[in-house]
Every structure is written in structure tokens, then in C-alpha cells.
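Here chain A shows up in two complexes: once beside chain B, once beside chain C.
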Partner chain A sequence: MKFKGQSIISIRDMEKEALLKIIETADAVKRGGHKGCLEGKVVSTAFFEPSTRTRFSFASATQYMGGKVIGFAGTASTSVTKGESLVDTIKTISGYCDVIVIRHPVEGAARLASEAATVPVINAGDGANQHPTQTFLDLFTMSERFRDLSKIRVGFLGDLKYGRTVHSLAYALALFRAPMVFIAPEILSMPGYLLEEIREMGSETRQFEALCDIDVSLDVLYVTRIQKERFGDMQEYERVAGTYRVTPETVRALTEGVRIMHPLPRVDEIDVEVDAMENAIYFEQAHNGIPVRQAILGLVMGTIS
Partner chain B sequence: MKTYKVYAISDGTVIDHIPATRALKVIDILGIENEGILTIGIGFSSKKMGKKDIIKIENKYLGKDETDKISLIAPDATINIIKNGTLKEKRRIERPDTYIDIVKCRNPNCITQSTGVKTKFRVVKSSPLTLRCHYCERTVEAGEVEIL
Partner chain C sequence: MLVMRNVHVPLQSGWERRDVWIEGGRYRRITPPEHGDFISGARVVAPKAGFLIPAAVDPHVHVREPGYDYKEDWESCSKAALKGGVCAIFDMPNNKEPVTRERGLLEKRAIALKKSLVDFGLYVALTDGNVDEIKETKIQKLISGVKIYMAETTGGLLVRSDRALLQVFGQPKPVLVHTGGAEGLCRILHFYTKAKKRVGTLPVLYICHLSTKEELTLVEGAKREFLSLKAEVTPHHLLLHRKNYEEYGSVLPNLGTPEDAECLWDGVARGTIDFMGTDHAPHTVYEKKKKSPPAGFPGIETAVPLLMTAFGERKLPASRLVRFTSQAARELFHLGDGSIMPKNSASCVLFEEGEWEVGGGYETKCRWSPFEGVKTGYRTLLTVVRGNVVYRDGKFNKRRVRFITA
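== the complex of A and B ==
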């Protein structure tokens, strides 16, 4: 895949080789390579809905590499309130910057923006659909611990039905034909069409309703939040959420050396006592957002080849 | 002598074997309502289909790219191109890889629900026919497809 001038919209547009290139570049960036590669470049963050970590991490990634950031967070101070269309907004912003990072509550907005823009567009989340740079940093974090992504077994825990990070990461791991384990209550289990797709791509999959039922070893446990709003009955929510809570005891009962990951924000699905365990790498995972986003920005603007 | 309920045309396109009552939808998808003289037959008896519709479009020769657009609602239709009263070409409908502005996305939070954005669906599986929205990436099976 040629990166220069390309938009990054969906993990479905990516091939295994492209993912490996991103990981390799992020690794070089993290080791101090490509310093100042965004000098003279302007990154526009067009965030049509609030976000803290993703927007800050793109801004920080740009500034550490010598670039400048313009943009907005929320549409209150923009022409969108005057009724301007997304296409017009993006066409206009295209003339003010070298790359647009977009977050939008409507699914498919990032794809539409990439078709309207004259500069590369990076999707920083479009509704429940895609958030590719999250997947890149997840893969990068795993690759730092495990050399061969095709050999690791990742267990996904929590809301597997609605979680976009789970869907994207599972798809990306399937490109490596990595085996996967899905642990969720039946009402929040992985959508059937996605499971079928992952299996067809060559990944071996197993499904369990509880962590204690797992009879295979795990290299990574990827935990996601179970959202209250998915449940009509709050008592049922409390019961389910309690069952899926990760504590030091849970971690000790799993494979020795298992890494615990989480896309954050966490509420109470991982006990804070787990933070001090060597297994917990979720804050490191969040910090990896910087070199990974620097790598992506450099690649699409052609300042990293 | 066989009598025809719809008169023969000497030049143009005949679309036969359309599932009964879908002729008007076919015209809508093809966008040919203002393309000259159209003869529409609805609910004819058919040995193969039980009931069928027929459309005759005078002085217009529809290309394959155009007629393939109706594959979702009339997959077994046959296309006859008539020139100077003679059948010059007979072909079946083939499924295209992409459907543009034909299928409605069922996701209420898809960007195509906004005005002015044409829907685009790619075929990701042929059996059962499954389409994926180019924008929100949700999939839909042929049985659930809603035509715009």
C-alpha cells in the first residue's frame, strides 16, 4: 500500500503488509527516529463531537514532530451551526491544512469526508463504525511484547456486540490469522456475521460466557466496558458487570504473563489494584497513541517514506 | 396468428420476465420515465413465472451497465434489443459489483440518510447475496434490501 496522499478510513481498507509497515514505522519513531518530520505541516483536527484522548494525542503527536495544529472540538463555534454541509466544511478546511483528522458521530462521515477532501483524511472515529488508529496502536502495543502477531492468542472480554474497537482489532488480527477467544454474556456476544468473516479469513475462534470457563492459554486479555445503556434491567446489568470485572485474582487465575489491555476510558471493569501488576499495559497502550499517530501522519503526508 | 396484448416495437429495448408488479420500480431504477414511448404490461401469464411484467422502450437501446442495475428486483429478467423489427441481441441480467443510488441503507445513523449523499453498496458475498454499505460498512442480505 502506498501511504502518501492516502486517507486512513477503515481497517477494512488495510492489508497485513500495510499494518506491518505502520508498526515498523511507529517502532522507529518511538526509538527517536524521524524527528521533526512534520515541520512546516499543518494538521487540522475536525472533531464534530467531544473527545479528550484521541484529539489530545493527535495534537501532541503533531507538535512533538514540529507540526502545527488547527481545528475545533464540537460544532458550536463553526459554520455547521449555520447549516453548512459536511462536504462543504471539509472542502473548505482542505485548503487550510495538509491533513484532516476527523471525528464525527455519524457512521460513514469520515469516508464521505475523504471523498470531498483534497488532502488525506484520517478517521478518528465515525459513530459506532471505525476508529482505525486505535487498532494500529493496539497492534503496535501487542507487537512490542510478542514478535509474531500470527502466533498470539487474544481473549476479548466485555461488550463484544457493540464495541467498535473489538470489531476492528479482531478483523486486523484475522489478517494475521491469529487465534481468538471471545468472552461475553450471550446478549453482548460477537455478531455472527463478523465471527463468520473472521473464521473465513483463517482465524480459529472460541466463544465462552465466563472467564473461568476458558480452557486455552491467553497471551493478551483485551477488556472493554460493558455499558449500562445496553441493559433494560439495572439489576441484570449489575450482575453481568460484576461477573466480568477483572481483579488481581482473575489475572492470577489466567495464563502466567498474560497482558491486560483496554482501549480506555475504564469505569470499573478493571479493578485499580490490577494497575500495579506487571500484566497491566493499558496506560502504556494509550501512550503508544503518540508514536503510532506520528507514524501515520508522516506516512500519509509523505514525510516518512 | 398469435395476438399480442402489448404491441411489437421495431426499434428499442424489451425487458421481459420482470416479476409481477415490479415494472414501475424497474422504470424508476432505470430512470427512463421521460425517455420517449414506454409500453408497460403488468400481470401477464407466464409459464415460467406464473405472472410477469414486460416493459417496451421505443427507440432506446439500453446497455448492459444500465440493465444490470435491476438485478436486485428482477434477477431473471431478459433483455431484448430490437433493430429494424429484428431481434439483434438477447441477454440476461448479471449482478454488478457495486450498486449506486439503488439500495437504501437501513442504518439510521448512516451518513447516506442525509440529503444529497448517494448510497453505494458493494457485493461482499454472492450466496446468500450480501451487500456492504460503502459508508457505514453495515451489511444487508438480499432479503432485507430496501430499494430507494
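== the complex of A and C ==
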């Protein structure tokens, strides 16, 4: 895959080779390579809904590489629900920068923007849809610990039905035919269409309702939040949330050396005492957002090839 | 391998001719016509004027069974759906015995799993007394949404309790409302606003069958405040009005004025109205000819071809049609991306363009249509669900269906 001039919209547009290229580039960047490669470039962050963490991460990634950032965040999301005005906005911004990073509350908005833009568009989240750079940094973090992505077994824990992070990452791992384990209460289990697709792609999958039922070893436990809003009955929520809470004891009961990952922010699904354990790598994971986003920016602008 | 040669597919740029390759349940390749190599053993469909779109998802259907299966049942309704290019239906709870508890849902699911030819989901009806039960996991895992009747209609399920109308927003599934008009709409918005102060994330509030300019204006205003507010319109409120339709008794909400219909079209074009819901509500011709006929029109069989014709006449983009009839509902029920792109699951309907009239050969048990005699520019050649041809030239192929819970 040629990256220069390409928009990054969905993990589904990517091939395995492209993912490996991103990982390889991010690795080089993290080791101090490609310094100053964004010199003279302008990145615009068009955030139609606020997300401080993601926006800072892109801004920081750009500035460390010598580029400049312009942008806005949190426009009242009203008039932009009409696709027409989004197209006009993007066409205009296209003339002011070398790449557009977009976040938008409406699904499909990033794809629409990429069709209107004359510069590459990077999707930083549209609705409940896609957030591909999160998936890249998850894969990169895993590849740092386990060289061969086709051999690692990841266990996904929590809200697997609605979590877009899980859906994208599971799809990406399926490109490597990596085995996966899904642990969730029945009402939050992986959607059937996705499970089927992942199996078709060649990944072995197992499903469990409780962490203690798992009878295979795990290399990574990928934890996501179980949201109160998914439950009608608060007692049921308390019960489920309690069962799926990760504590030092749950970690010790798992395979030795298992890595705990989480897309952050966390509330209380991982006990803070886990932070100090060697298994916890979620803050490193978040910090990897910088080299990964630098790699992406450099690749799509053609300053890294 | 199934190959559809030289068919029009809806892209952002408009209709474009493509060859579409389907294998193993998915779209494999979408190539400019005749660019792909011919593969022996592939089934090739090459219609003269073929138009391929993602199969529709209908969030608003009254299948009638159990209870009124002389009007319609799961087999006849799902056949009508497939013939109309619809691959998933969501069934309303106002049966003879209203579906308000677990038992009714389980009974209906069992019937549908046996008889339906399309994927399906179920709604439970809110009553003055069942909101706590609806919140429980045993019901949550069976439903795709909760239906509220704020005005009298078939089934007598009117909700009066303020507590129920507020508490229903404390559960996560979409809340669908038959408002009965602007007054009921304001009332439910009042409770939605009140609930916003108490709950972190509100469930989707889905306003069924908008029918007047007034309702559209209200929804447009409220949408500025609530991203999770969605609205539906039926094909008959878009295409029929008091001046061009008088036969066969009534429908609820009543048909509007020609001006109302024009405003609803504006709402569709601007995206204020999110979904097409057919509100397929079959009654027999005998019942409809009675002095005080029951309210409701059948519509699932004719909706998509008629709308496609109207979208063409109004020069509305193909991508809008796909959002309106399929993609928006897919997002609501978490069904995955249905657009015609490589790797996506292939559920689609192939139409032939030409000149026809609605009439005769109905699959719906009630065997009539309010659109009888209306000109249509498209007719269904075949319907594909997950890569399998399930309807072709009046013949059906029953495959395993899925029970959907949003």
C-alpha cells in the first residue's frame, strides 16, 4: 500500500502489510528516527465534538516532529449533521493545511470528508464507528512485547457488543489470524456478524461469560469499560461490573506475564493497585499514541516513505 | 461466486456502473464493468438496466401473528419483505394480546424463528405498570426497543403514567413513540428533557411516522438539543395525501395535506428524518371496506421500489436513499456496515429499471395495496442475504434467520 496522499478512514481499508508498515515506522520514530520530518507542514484538527485526549495527542505528535497545528474543537454539532455544510467546511480547510484530522459525532462523516478533501484525512473517530489510530497504537504496543502478531492470544473483556475499539482491534488481529478470546456478559457479547467474520478470516475464537472460566493461556487481556447506561437494572449493573472488575487477584489468577491493556480513560474497571504491577502496560500504550500518530502523519504526507 | 455484471451501484458520486463479485457471503470485488476476469463456475447475472442497493432494514412492521394471522403471518410478511428488498424487520407489540412481558416475547420469537424468512427483532410495549420489568435483563436480552403509544390506535396500549414515561429513559434500548401528533410529541420531549438531567447517556428516542409540517418543525428544533433524537416517515405519508387518496378507509396518523407531504420530503432531503419505516399494518379488504374500518396500510412489499422511483424524480442522491432505507437503521440496531464495498457482508437487492404499475401478485396475505395502479420505475429481480439468493422471480429460498437484539 502506498501511503502518500492516502486518507486513513477505517481499519477495514487496511491490509496486513500496511499495518506492518505502520508498526515498523512507529518503531523507527520511537527510536529517534525521522526527526523534524514534519518541518514546514501544517496539520489541522477539525474536532466537531470535543475529545481533549485525542486532539492533544495529534497536536503533540505534530509539534515534536517540527510541524504546526491549527484547528477547532467542539463546534455545536447542530448544523454539521447536514452533510452539505461538512463538505463545504472540509473543502475550505483543505486549502489551509497539509492534512486534516477529523472527529465527528456522525457515523460516516470521516469518509464523506475524505471524498471532499484535497489533502489526506485522518479519522480520529466518527460516531460509534471507527477510530483507526487507536487500533494502530494497540497493535504497536502488542508488537513491542510479542514480535509475532499472528501468535499472540488476546482476551477481550467487558462491553464487546458496543465497543468500537474492540471491534476494530479484533478485526485487525484477524488479519493476522491471531486467536482471540471474548469475555462478556450475555447482553454485551460480541455481535454475531463480527464473530462470524473473524472466524472466516481464520482466527480461532472462544467465548466465555466469566474471567475465571477461561481454560487457555492469554498473552494480553484487553479491558474495556462496562457502561452503566447499557443496563436498565442498576442492581444487575453493579453485579456485572463487580464480576468484571480487574484486581491484583484476578491478574495473578491469569497466565503469568499476561499484559493488561486498556484504551483509557478508565473509571474503576481496573483497580488502581494493578497499576504498579509489571503486567499493567496501559499508560505505555497511551504514550505510544505519539510515535504511532507521528508515523501516520509522516507516511500520508509523504515525508516518510 | 455470484457476479452481477454492469449494474448501477450507489456511490458518493452518484449511480455508477460496476461489476459486483459476491463470494462466501461477502462482497469481494467491485470493479468497473468488464474489467474483472471471467471466472468459470461463477453465476452471472447481467440485467439490462440493473440497480443494486443494500437491502433495506424496516424498523416498523406489524406482522400480526400471533392473534391476527388471518391478516398476515410471519411467513407471508417476511416473503413480502424479501420481495420488497427488505432483509430485516422489527415487529411492533400491539398484537391481539399485547406483548408487554417476557412470555409474549418468547412466544413470538419461537413462532418467528420457525416461520420467518428474514432476520427479525422484537419490541415490547410500555404500559403504566411494566417499566421495572422492562429494565430487567430477562426482557432486555429479548428486545430491540420499547414502544410507547401516546394516543389510541390498534391494540389499546395508551400509556398515561408519568413515572413510566420518565423511567423508560432509564433503560438503554431505543424508545419508539407513536405520538398521535404534535401534542404527544411535545409531551414525550418534555419527559426526555427531564430524563437528561438524571441519566448520563440517554437511549435513542425514535419518533414514529411523522405526518405533518408542525411535527417536522418540532423535531428539527429538538434535534439541535438531542443527537440521540431520531425520526421516521412512512412511504404512504410521503407519496399519498388527502387529495390523491381516498379509498380503503383510514390510516393513523391520517394522511396530511399535499403541503405536509412536501415538507416531509424536505425533511428526508435535509436528513432531519432518519428512517423509512413502512408501518406495514395489514388488514383484509373486507375489514377495510367496513363502515368503520381499522386503521393501517400494508406497505413493506412496495416501499423501496416506489421510494427509489420518487428519489429519482426528485433528483435526490442515491447515497441519501441508502441511508434512509438501510444504513440509518443498521446503525440503530448495530447490524454492521451494509454498504456495497469489498469485505462487507453482502445483503442487497437488485432492481430492474423500467415502467410498471403496482398491482396483483402480492405476497402479503391481505392482498391489496394503497398504491394499486401507481407507476413504479423499478421491480425486484433478486434479493440476496449474506451472499445467498433468497428471492428470485417470485421464488423463495428459506435460509436460517437471525434473531436481533439491538
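Here is the rule we go by: the second predicted complex is superposed on the first by the 296 of 305 C-alpha atoms of A that agree within 3 Å, B and C clash if a C-alpha of one lies under 4 Å from a C-alpha of the other, contacts with A are read in each partner's own complex, and residues count from 1 in each chain.
Here is the rule we go by: contacts are C-beta pairs under 8 Å (C-beta built on N, C-alpha and C of every residue); 3 or more make two chains touch, one makes a residue touch a chain.
Everything quoted here is computed from the prediction, not taken from an experiment.
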Chain A as common anchor, with chain B and chain C clashing or fitting
clash
Thinking of the overlay built on chain A, is A:Glu278 touched by chain B (first), by chain C (second), by both, or by neither?
neither
Contacts of A:Asp233 with chain B and chain C, given as first, second, both or neither:
second
Touching A:Asp215 in the superposition: chain B (first), chain C (second), both, neither?
neither
With the two complexes superposed on chain A, say which partner A:Glu256 touches: chain B (first), chain C (second), both, or neither.
neither
Which partner, chain B or chain C, is in contact with more residues of chain A?
C
Pick one for A:Gly192: touches chain B only (first), chain C only (second), both, or neither.
second
Does the superposition put A:Asp148 against chain B (first), chain C (second), both, or neither?
neither
Of the partners chain B and chain C, which touch A:Arg12 in the superposed model: first, second, both, neither?
both
Tell me which partner A:Ala109 touches in the superposition: chain B (first), chain C (second), both or neither.
first
Which of these chain C stretches, 199-207, 379-387 or 397-405, gets into chain B when the structures are overlaid?
379-387
Footprint overlap on chain A, where chain B in one structure and chain C in the other make contact:
12, 105, 107-108, 111-112, 127-128, 193
In their complex, what parts of chain B are in touch with chain A?
107, 109-112, 114, 116-117, 133-139
Which residues of chain A touch chain B in their complex?
10, 12, 85-87, 105-109, 111-112, 126-130, 193
How about chain A: which of its residues touch chain C in the complex?
12, 76-78, 81-83, 105, 107-108, 111-112, 115, 127-128, 161-162, 186-187, 191-194, 197, 200, 227-233, 236
Within their complex, chain C touches chain A through residues 12-13, 24-25, 134-137, 140-141, 170-173, 199-201, 203, 223-224, 227, 270-271, 327, 331, 334-337, 343, 345, 402, 405
